[in-house]
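Pasting in a structure now, in structure tokens, and then I'll have a few things to ask.
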């Protein structure tokens, strides 16, 4: 019994006991304070961990077991409520430390804005970083109703930071006209509606490069992920998203971090979305942490 | 502030302020009193409006924005509770007025029976009218347990009114044997199970003709629309239904009105069905009102 | 059929057709952007209207019928999303107009902060105004995490504006120690835990005075109002709250306006909270608008 | 194994195997077709049976065990869908048979209209019958929107049939002014709002008389019974209703039948209403069948 | 009225009145006591029957009507709570009797372990029996946490009983590495992830053989069957599962029994899973009972 | 940032950072494997922590703040799934350690059986221990269907261990006749139905004695705690239970530990039960840890 040490309770299934010895670190970012429509993703990380006990530990897709990866669930990053600016600073500091310690960061949101400071921190270490982005929404706004820190802006921020031509979005089916135009004019890749086929075309062009992958659960159709703030009909199946994770795992790219965001349990009475998210996390761990 | 004029509250997002200047009129038909299994669609129109605030206003499918269409949400038609006969008369009068004013009618149900008086009114103006019908059910009964005004009868009524060969049903996967036989014997088109492929074959044959499109949300699989009275497994995806709306938009037919019926919020705890319905309404507006 | 005039759909049951001729005006204030725990009250007014169709129109408590009161449901006040400062200005302007037109304002929230600009506007007309406040929470903070415009502050604001000794809170069972102390030091009345008995003692002391009554639905126990953001065990029954409304109705005070706030439908799967709210609204109309 | 005989599955817990030898018969009346607001009680009897397996068989209130009563759950009465006239005829015939066989009828609704033919059949045998009625609503309408067979009319019908002075209603908090007046003018007893105290006053006056007890679950506050069509705030607790059942059990009246109606599972996601109903059924069995 | 005979209430729609004259017998096996993650399937059979009243009786897939098959719903098998060993003995005895009487057994679970005694009993009569198995999970464990009677073991048991090469699993996407290896080493067929295509290849090889088909509802994607204990993303659609049932119906195999297990209503607030299950039952009846 | 030390995420609000320096320790016991009716309490502790962020930190009942108590949330005790015998051994060892370290144990269930090893461990240190027990159920069975380790047995076990006359149960409204008789014959105190009044009579007789308090959330009426496995109508209000906690806090007894068990989130869609449980935990901390 180690009361002062690693928490024994609500962690992702098969979390290993030591941060120091871990390859990958799982962490939650329970923030949803810039959400415009239906909030609730602040409760996502806790629920995903909770339902992970229902997971089988072995992946027949990848022929690998959770025992084969040394990862440590560090719990949620403590974020100052209602303060987006301070929250992203705290996240960036946290990821800086993970990077310094040589860890693979694997985060859970929270709203999509949390990915911005993570990607920024990762880009410090990997100067040739590319971003693969799965989402229903462009998230390319400069601001939302005057607010530059919004869940509608993270991809714009990282695109401006590392250059739009290093960002690849898939499955996009919602956004303002200006966002699509900005992407086009600036050489950023957007695959409208489609995911797996265009991804398979892009991956070889990224061979050998460091890649961070950010997944907004709403890239899935509402049938597959009702438990999210802004559901948008016409999305892909969980099977296709699993296929995308596996395609990346089987490619020549060097995945250096990833996240899964926007799971909102209150809209998920059957817990199907949280259960799907926990399976996606397992496949990301088994496929990307080598 | 115009207290006496158009309601400022629960209207479909971006409804324009003037009936007179509008091209299209949105209206609800909150009736479900002939439903045999699970009622509740009387609350559909209100919920679809409520969730429409979560919609993006631009359609990347059609490259068009809600600002580009002048439509007016006129609220719900006041219907006499529990009286189907009077209700359909009220609806018919209402649509007669819209037709006289040159408006494009875009209705929300309520049970499917509400489409019958709408189609009848539209057929007065467009004598060459054809009907495109998406549904899980044939809705071709002559009566249901002795009642000629039933949610199982609207397509039979319009088929007899304008001639069965002018009615085209898609996605049908439920009905009595007699209904399928009646359709076959009378030259009415029924695509069992399938929607998009047969639709693409039919559309060129309707080029130039006025067409009214009636969509029962249960043409979608229960995975995509759990919030409806009579779910029926084996349906199509929301992606395919969006594709059907876009195929019509891109064809040579002259859409002169449409509706979306049978959304029942009580069976939709995550509100995914209402959100999907509001997106379908947006695409119908942007694709069909020109 | 009056397409350009008053909305015929989702209004509170038996809303009369004319603003001009009305004694009382019902309006929604769909704002929840300063909520710290569970948001969702932005959707309250719409749902309360929706379920009001299930109400009996006659009150056996008051022996009065909704036909006996001339009230107009004006819909929701259009509020600028995510901007509390601007929102409260819009609300204040709106109520100024109602006051100028001699209307009895009866509002539905939204979060409790919306009551602040309403009370401020009412206090312009009635310089001797007193406030009766039913709530689980003190709402007496000066600020919340640095933000002076918060759902934790409206009673503090009005108390400072009209003088703390003119404010009477009942049913309070949650707050910071400093809030209770501030009230005590400044002569503001707080009945901890209890509602009906202390109210009956206070009412005679307010005889003849203009009174505004603000009801946070969470004064009810979670058993009676699960559908609100911050449920707090140990509250009163709906029967006691009805009793409080009737006690005010039967007293010598001059009720000049009121509101009911914090109904959040997403936490109310059986719709019991919305139904209870609509009954409370009926009793407020029948008891207070004379 | 007796495949052709009594159903072994979804029956009320501890149902005995033989109709012939039973003292009491439980039956469902799955009808809700005249409901004006929220339907769904057609699914009540099935759900009450389903959850009855969670009941303890012994009552510490009455010091009696379900093994001490010989009752037979006969399943649901097959009712012709959508036909109220025929349905009540079928029910009346069914109860006539039970009466002829000397059984104690204990029914489960379904909407309240089903109680009318039951009470009528019981009154044939017991000419001095009195009715004890627990409900939120008067149910004294002559008709509802022109329909004499409505869930708003059963108490009026039985009152006219056996004489209004033989009917005693308790807990009433909703109705039209005309209904309350009719009761008053015709000598029918109505206790507004209250149940237990007035019941205790009435019971001695009914000593020795045959009494049928009809319970609409909505006499309970929505906190205690959210799962019903027309919830109405301000009701009594389940504790008080249990007290009323026990008061009747301990009195000198001769209970000759009873029912519990209006449980609607779709509004009862936690199944609390169905569980409460099954406990009420147990106490009715143990307290009234002697 | 036959009070002592077949139950008239909660049976699968169109159940015929006589066991003796029936071809097929429907029965429930309400057991879930070895479930490791989320229990609740003990309530599955009752709910499937309840919602079956929403089914159309005719299948446009098979051009056959429920009136064309003589089946008897015998209710649930009474199982000793919490005792897996005794429960499977009771089930085996029950099926032995059905086999002796020449009935087609069509069961509803309950957890998947219930299929083991059924298959064992069927194999007594049909010595050349083959098993077709649809599931997300291998169910090939020898034991689960030391318990040989577990919902993770039924396929292993029947495979060892009739020989692994006679067992064909489809749609498998979850299991331990050891389970997949055991299947491979012992010549048992497993189609990972896929269902319809490999099934169509296997069916001709089974022509003329007696086949028992066991369907775990979780072979469906969580989008199509959220109401089950262990949802697992990446599954097939209800359309594909219907296709599999029809492929078997149209093949040369001799279906001699079947079951559908693991429907858990508490995770199914919209009742979509139960409705889908009842449609699958209809197609199994119409396609396999000849 | 202390990645290897105390978990920063899902802990009870205001948990202090050090086990060593803490007065009280909070821990979860996520076990529900002996539950007979509706399982799910294994997920209780996680949800109570999750919602505790909505709590006010100050108690106006006790005039004390969470900052005034030094408590450490140690997470959940890792329990071997499906093995009641081993689980209770693990819990007993865990509490032995807390006792050795001089901590006040404050546990969260899980099913009620988890209280047995806790009480046993506490009784080792306090030989004059008395038990105060709030529950709907006696929990006095010797065994349940042959199983001595059942959620129906913990109070019997501790009563036999420390002597029945040292055990005081309140609010009991369900049990077998034999259980009530055993209590009576053995001098154990049971207050049927009532809580606060009899408690106030008993407390003075326990002045100065060490007391452990175990609360089954189902002592509350289903209206106040729908989210539990076995709801039972006729219970007390949350207000009365708060009163009982405060009565103990204000008495002369020496509270040496306590627990709150049987919260089951799946039956609690509005999260009211979890929120109430977190408030009860706050009052237990503030009232009992001195």
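To keep things simple, chains are lettered A, B, C, D, E and F as they appear, and every chain counts its residues starting from 1.
Everything that follows uses one rule, which is that a residue touches a chain if its C-beta (ideal position, glycine included) is under 8 Å from a C-beta of that chain, and two chains touch if they have at least 3 such contacts.
A quick note: this is a predicted structure, and the numbers were derived from the prediction, not measured.
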Please name the chain that ends up farthest from chain D once chain centres are defined by their CA atoms averaged.
A
Would you identify the chain whose Cα-based centre sits farthest away from the centre of chain C?
E
Please report how far chain A has to rotate so that its Cα atoms sit on those of chain E, a copy of the same sequence, as a value between 0 and 180° in steps of 5.
120
Taking all residue numbers used at the chain D/chain E interface, answer same if over half belong to both copies and different if under half do.
same
With chain centres taken as the means of their Cα atoms, state the distance from chain C to chain E in Å.
55
Intercentroid distance (Cα basis), chain F paired with chain E, Å
41
Just give me the whole-number Å value for how far the CA centre of chain D lies from that of chain F.
38
For chain A, jot down the residues that touch at least 2 other chains.
38, 221, 223-224, 267, 269
Residue ranges of chain A touching chain E (in the complex, touch as defined)
53-54, 56-58, 60-61, 63, 65, 221, 223-224, 237-239, 242, 269-272, 275-276, 279-280
Which residues, counting only chain E, touch chain D once they are in their complex?
1, 3-11, 18-20, 25, 28, 30, 43, 45-47, 49-50, 72, 74-78, 93-94, 97, 269
Name, in rising order, each residue of chain C that touches chain F in their complex.
37-38, 137, 172-177, 180, 192-193, 221-224, 226-227, 230-235, 267-269
